[in-house]
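Multiple structures follow.
In the two assemblies presented below, chain A is common to both, partnered first by chain B and then by chain C.
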Partner chain A sequence: MSSQLQPEMHAAVQPKTKKSLNRMKRSDWFWAYLMIAPTLIGLGVFYLWPIVQTIYLSFTKWGGFGKYKWAGLHNYELLFKDPYLWIALKNTLIYTVVAVPVGIAISIFIAVLLNQKIKGITIYRTLYFLPVVTMAAAVAMVWRWLYNADYGLINYLLGLVGIEGPRWISDPAIALYAVIIVAVWSSIGYNMVIFLAGLQGIPRSYYEAAEIDGAGPIRMFFKITLPLLTPSIFFVSITSLIGAFQVFDLIYLMLGSKMGNPATEQTQTMAYLFFTNGFESGNGGYAAAVAVVLLVMILIVTAIQMKLQKKWVHYD
Partner chain B sequence: MKKLVSIAMAALLVAVAGCSGGGQSSAPAGTTGSAASGEKVTLTYALWDKNQMPAIEEMAKKFNEKNPNVDIKIELTPNKQYWTKMEAAATGGTLPDIFWINGPRIIKYAANDMLLPITDQIKADGIDLNNYPKALVDLYTYDGQNYALPKDFDTIGLWYNKKLLDDAKVPYPDETWDWNKLKEVAKQLTDEKKGVWGIAAPPYGQDGFYNTIYQNGGYIISEDKKTSGYDKPETIEGLKFWTDLINEKASPTAAQLSETEATQLFESGKIAMMYNGSWMASAFNKNEYTKDKVDVTYLPKGKENTSVIHGLGNVIAANTKHPKEAWEFVKFLGSKEGAEILAKSGAAIPAFNGTQDTWMQSMPNFNLKIFIDQAAVAKPYPISKDTAKWAKLETELMTKAWAGQMSVEDASKELAQKMNEMLSQE
Partner chain C sequence: MSAYTSLNKTAKNLLVHLMLIVGALVMVAPFVWMVLTSLKSLGESTQVPPVILPTKYQWENYTHIFEMLPFLDFYWNTVITTVAKVIGQVFLCSLAAYAFARIEFPGRNALFILFLTVLMVPGQVFLLPQFMIMKELGWLNTLTALIVPGLFSAFGTFLLRQFFMSLPKELEEAAKLDGCNHFQIYWRIMLPLAKPGLIALAIFVALWSWNDLMWPLIVNSTPDKMPLSAGLAYLTGEHTNLTNYPILMAGSVLAIWPMIIVFIFLQKHFVEGITLTGSK
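Entry: the complex of A and B
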C-alpha cells in the first residue's frame, strides 16, 4: 500500500509544489510591479505620453490658442527649408562637441585634486558645487554683467593688462563660446561629485602595488585612475550630452530675444528654436517638429555611445 | 521579506489616504468659488508694469471697500514673459478673470473667443464711451463688439538730460527742432573719451522708428491691414534716420545697446537725449539722478507733425466664473474715480478724458503736457490679427539692419515681402 501510495503521493505533491511556486512567482511579480507602479505611471504619464503627443502634433498646423488640424509632412517640409534649422543644428553640435569634453576633462581634474586629504576639503567641494544649486536665471544675470563689454568686470580686468576685450554676448562669432564657458563652469560641480564617488570606489591596493612597481603619479593616473573611472565618465558623458543637446535656459537668459541683440540669431540652438516657435509665435506644430528632430538626434547619438562603450568602459 | 512588504503597503496606504484626503478637503473650496454673488469671491487681475502696482493696489482696495465680498488678487508678470504666459493660460483655459491687453493682441484674443464681449454691459449700465479717446475705443472694438474699457494711453516724447546739455552749452530742445537739428546736436554732444553719447538709437518700434516712419509719411501696415508699408521709400527713410545716428557715432552701437539698455545709460548720465514713452515719467521721477536732471519735449519735426499712440485695455476672460463681479471691477477701473487714482500716481496717462490734468500735475518737474498734446495728432499703433508673428520678424530684421549685418533697404524690403505673405494668410 505504501508502495502504491508513494508514487501517487509523489505525483500529487509534485504538481502542487509547481503550482505554489508559480503562485509565489506570480505574487512576486505582482508585488514588484506594484512597488514600481508609481515610477512607471509617472514615466508613462509625464514622459511617454507627451512623446507620443509631440510626434502627433508635429504633423499638425496650429491656429490660435492650441487649435490645430492635420497637416501631414508640411511642418517637416518647411523645417528642412528653414535656414534657422541649420544654424540651430550647427550651434547645438558646436556646443555639444566643445562643452561636453571640456566639462568632463576639467571635472575629472578637479575631482582628482579634491580626492586628497587636504585641510578644508569640504569647503572646496562646496564651493565647486555651489553653481549647481544656483538658479540658472541668477547665474545668467550675474554672468551678463560680468560679460558686459563696456562696463563688465572681465573686460575691465583685460583692459588693465592692455587687452581690449571682445563683445562677449553681442558678437555673433563669440557669444556661443561665452555661453559655453558659463555652462562648463556651472556643470563642474555636479560632474565632480559623480567622479569623486567613482574615485573613491577604486581600491587603494592598486596604487600601492603600482608604487612598489615604481610607477609615478602621472602614470598611475592614466593606467589606474582613468580606466577605472570609465563607468563614471560614461554616465556623465551620456547625461551631459543629452543636456547639451537641449541647452536653452542659458542662451535665452544671457542673449535675450527681444532686446535686439545682434548675436541672438546666429547663436540659437535647437531648443531655442523650439521655444521661439512654440511659445513666442504660437506655432506649436512646427515647434513639435523641431522637438522630434532633436529627439531623433539624441536617440542616434546615445545609441552610438551605448555601442561604443564596450570598447572603452571597464567595469572592474 | 513579509515584514518589509507590509511596511511598504502601509506606507502606500497612507500616501493614498493622504491624496484622497487632499482631494476631499479642496472640494468644498471649489463649491464656494462658483457660488452666486453675495458670497466671498476672489478675482485674479493680471498685469505687467510694476510702476503701476501702487496705483492698482489702491484701486483694488477702494473697489474692495465698496464690494466687500470681492477680493482682487493682483498677478504681476514682467512684460517679457507676460504674453508667453497668457498664451499658455488661454490654451489651457486658465486665463485670469481680468487682465491687461494691448493693441497687438486684441484681435487675436477676441477673434478666438477668449474674451467676454462687454457691449451689453456697457449699454445696460449707461457707460458713455465718449469719455475715452475715440482711437482707443476703436482699438478695442472687434466685429462690432466692445471688448475692453480703455485704461490708459501713451505717447512718445524726446527726453533729454539738462545737465549734459548745460555742460556742452547747448540750448534745450524744443518744438522748433527738426530731424537735422537733432542729428547735429547729437553729434556735438557725443564725447567718446568720457563715454557719453548724444542720443540712443535702439531698434525699437513704438519708442523709436514707428514715429519717424509716420513723420516721414510712411506706414507700417495699410489701413485695411492687408499690405506692409516696409517697401515704401518713405518708410525706409524713416528707418535710416536711426541707423545714420549710429553710423555717425552719435549713438552707441546696436550691440552696446543690447548689452546695456538705453534707459539704463540715460539714467546714469551716459546718454544726452532719447525717444521714450510717457510711461517712463514716473520711473524718472522716482530716480534720484533723473528726478531733477531730465525733462521732456516734443519729438523733432519730420515732414508730418505726428507720432504713435497706443493704450491698454482691461479685458475679461470669456470663461471667467464670475462675469458679473469681473465687469463691476472693469467698470470701476475705467471710471473717473479709478482714473483719478492712476493719474495721481503718475504711472500712466489715464484714458478717461478730463483726468489727464491730474496726471500732468502729479509730476510738475517734467513738461508732461507734450504727451497729452501729441495724443491729438498721433497715429494709432500698427496692428493686425496676428501682430506678434510679423512683429517678431520685424525685430529680427531690424536688429540685423541696426547691427550693419544687412543694409536697411534689404532688411526693410525682405520684411515687406514676408509680412505681405503673412498678412495674406490671416
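Entry: the complex of A and C
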C-alpha cells in the first residue's frame, strides 16, 4: 500500500519524480526479465518448444536415420486401427481406476490411525515412507523376486494356507494387478503424509462436540473427517491420476521385454506404447501420436475433475 | 466408569498399534527380503521351502557386482547429476519465482501461464524432441544430457513462488529505500527467509533425480554413462538378462541405501515439503 502512496506524495513536492518513477519501474522490469530469463529460455527450449514439435511429429512418418516427412493423419489412422492402442488404453484405464482409489483409501485409513495421538508415529511414518524414496528399478526387482512363481516368497506363503498362487507376472490376466499392488504399496507413504497434514488441520473441538452428541467413531469419520479432508483428497486424486495415466517404470521393469514375457504385450500401457515405438522400434511419428492422445486424455480428465470439484470438495 | 473408559482406551490403542504394525510389516518385508536374499548363495536363494536367514553370509555378492558392472561409474553419474540438478534448479527456480512473486512487470501473467502449461503436460510429450535436441548437440551418452534439461523446472518455480508470496511485503521496501536492487533483495533478504521452501524443493529434485528412469534410459545407452536406476534396469534387461537374484538384490541394496539414509536424516523436511505442495 505505502509503496503506491509514497511516490505520489513525493510527486506533489518534486515535479521531477514522474521521470524517476518511470526509471524505477524500468529497473524493476529489467530485473524481472533478467531473473526469469534462464528458466524461461530453458523451459522454452526443452519443454515448450517440444510440445509444439511433438504435435508436429505426430503428423510425420519416420524412415531410417531419424529422417521424417509429412504424412498427414496417417499415424492417427494407424493408431486407431492398432489393437495395441486399445489394449494400452484399456490397461491404462484399469490401472488408473483401480490403483488411484485403492491407494487413496488405504492412505486415508493409515493416516487416520496415525492421527490417534499414539506413540511411535515417527517410526511408523518412516517405515511407511521407505518405498517412496526407493527407486522403481529396485522396487520392481525385489517384487519380481517375491512374485516369482517357482521360488517366490508370496506363492510359498499362499501355499502354506492351501492356496495355489498364480504366475503373477507372466499370466496376462494377472500381471496388471500384480503391478497395481506394487504401485499402491509404493505410493501409500507419500499420500499418507498429505492426508495426515489435512487431518491435523481439523479442529479437535468438532470431534468433542460430536462425542457429546453421542456419535460413534464411524459416524464421526463420515460426517466430520471425510468432508473436511476433501481438499487433500482432491489434490491427491489429481496428482495420482496424472501419474497413473503415465505409468511406465513398473510395467517396463517388472514385466520385462515382450520377447521374454508373454504377458507384457497384453499388459502394456500408453506410456509403454509410446516408449517402445519411439525409442525401441524407431516409429517416432507414431509415438508422437500416442503422446498427443495421452495429453488430450489428461487434459480432459483434469478438466472434468476441476469442474466436479465444486460438487464434493469442501473449502471453508 | 473411569476404569472402564481407560480400559476401553487401552484396548483401542492396542488395536490401532496392531493394525499399524501389520501394515508396517507389509511395507518393510520386501526390503528385509531384499537384504537377506542379497547375502545368500544362488543355490540357497532358490531352495524350496525358502530359507529365511542365509546359512553363510555371501558378502562377495557385493564385490561381484562391481566386477560385473561399472557400479562406481553408476554412483558417480548419479551423484553428479543429482547435485548439479539440485543446485541448478534451486538457484534458477528461486530467481524466477522471486520475480513472479515480488515484481510487477508487463507480461507477468502470460509468462506464468506458459510455466503452468509445462506443469500440466505429461512427460511423454517432451521426450522425443528432447532426445532429438540431445542428439543434435552431440550430448547422447554424456552426463550433460542427464543434467541440462533437469536444470529448469516449472514445478520448482511454482512451488517457490507460492513460498515467496507468503512473505510480508515490508521486507523489500526497507531494502529498496536503502538502494538495494532486486538481485540484492533476492539474495540477501528473500533467500534466507525462504529456506524451508528451498530445502523442500531440493529434496524433491534429489529424489526425482536419483530415481529417474525413463530419461537416462533414453539418452545414455553405454553402461559407464548410466546412473544407478538405468544401470539396475540394464542388469535385468536383454543385454545381460541376469536371473541371479542374490546379485540383483545386492545391486538394489547398493542403489537405494543413500536415499534411505538421506530420508531418515532429513525426514522432517521431506514431510514439510510434501505438506507444502499438498496444502494449496
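In the analysis below, the second predicted complex is superposed on the first by the 266 of 316 C-alpha atoms of A that agree within 3 Å, B and C clash if a C-alpha of one lies under 4 Å from a C-alpha of the other, contacts with A are read in each partner's own complex, and residues count from 1 in each chain.
Methods note: a residue touches a chain if its C-beta (ideal position, glycine included) is under 8 Å from a C-beta of that chain, and two chains touch if they have at least 3 such contacts.
Note that the structure is predicted; figures quoted are calculated from it, not measured.
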First, second, both or neither for A:S170, with chain B first and chain C second: first
Partner chain in contact with A:G189 - chain B first, chain C second, else both or neither: second
Chain B versus chain C as contact partner of A:G282, first or second or both or neither: first
First, second, both or neither for A:T39, with chain B first and chain C second: second
Comparing the two partners chain B and chain C, which touches a greater set of residues in chain A: C
Which superposed partner A:L73 touches (first chain B, second chain C, both, neither): neither
Contacts of A:W49 with chain B and chain C, given as first, second, both or neither: second
First, second, both or neither for A:V97, with chain B first and chain C second: neither
Touching partner for A:E265 - first (chain B), second (chain C), both, neither: first
Which superposed partner A:A209 touches (first chain B, second chain C, both, neither): neither
Shared chain A contacts, counted only where both chain B and chain C touch the same residue: 31, 34-35, 66, 144, 148, 150-151, 256, 259-260, 279
Footprint of chain A on chain C - complex, ascending: 12-13, 16-17, 19-20, 23-24, 26-28, 30-31, 33-34, 37, 45-50, 92-93, 95-96, 98-100, 103-106, 108, 111, 114-115, 117-118, 120-133, 135, 148-149, 151-154, 157, 169, 173, 181-183, 186, 207, 210-211, 213-214, 217-218, 228-230, 232-233, 236-238, 241, 245, 248-249, 251-253, 255-256, 259-260, 262-264, 267, 270-271, 274-275, 278-279
Contact set on chain A toward chain C in their complex: 2-3, 27-29, 31-36, 38-40, 42-43, 45-51, 53-54, 57, 66, 110, 113-114, 116, 118, 120, 122, 124-131, 133-139, 141-146, 148, 150-151, 153, 156, 185, 188-190, 193-194, 197-198, 232, 235-236, 242, 245-246, 248-249, 252-253, 256-257, 259-260, 270-271, 274-275, 278-279, 284, 287-288, 290-292, 294-295, 298-299, 302
Residue ranges of chain A in contact with chain B within the complex: 31, 34-35, 63-67, 144, 147-151, 167, 169-172, 256, 258-265, 276, 279-282
Chain B residues touching chain A - in the complex, by the definition given at the top: 5, 8, 12, 80, 84, 87-88, 90-92, 108, 111-112, 114, 195, 202-204, 254-261, 386, 388-389, 392, 395-396, 398-400, 402-403, 405
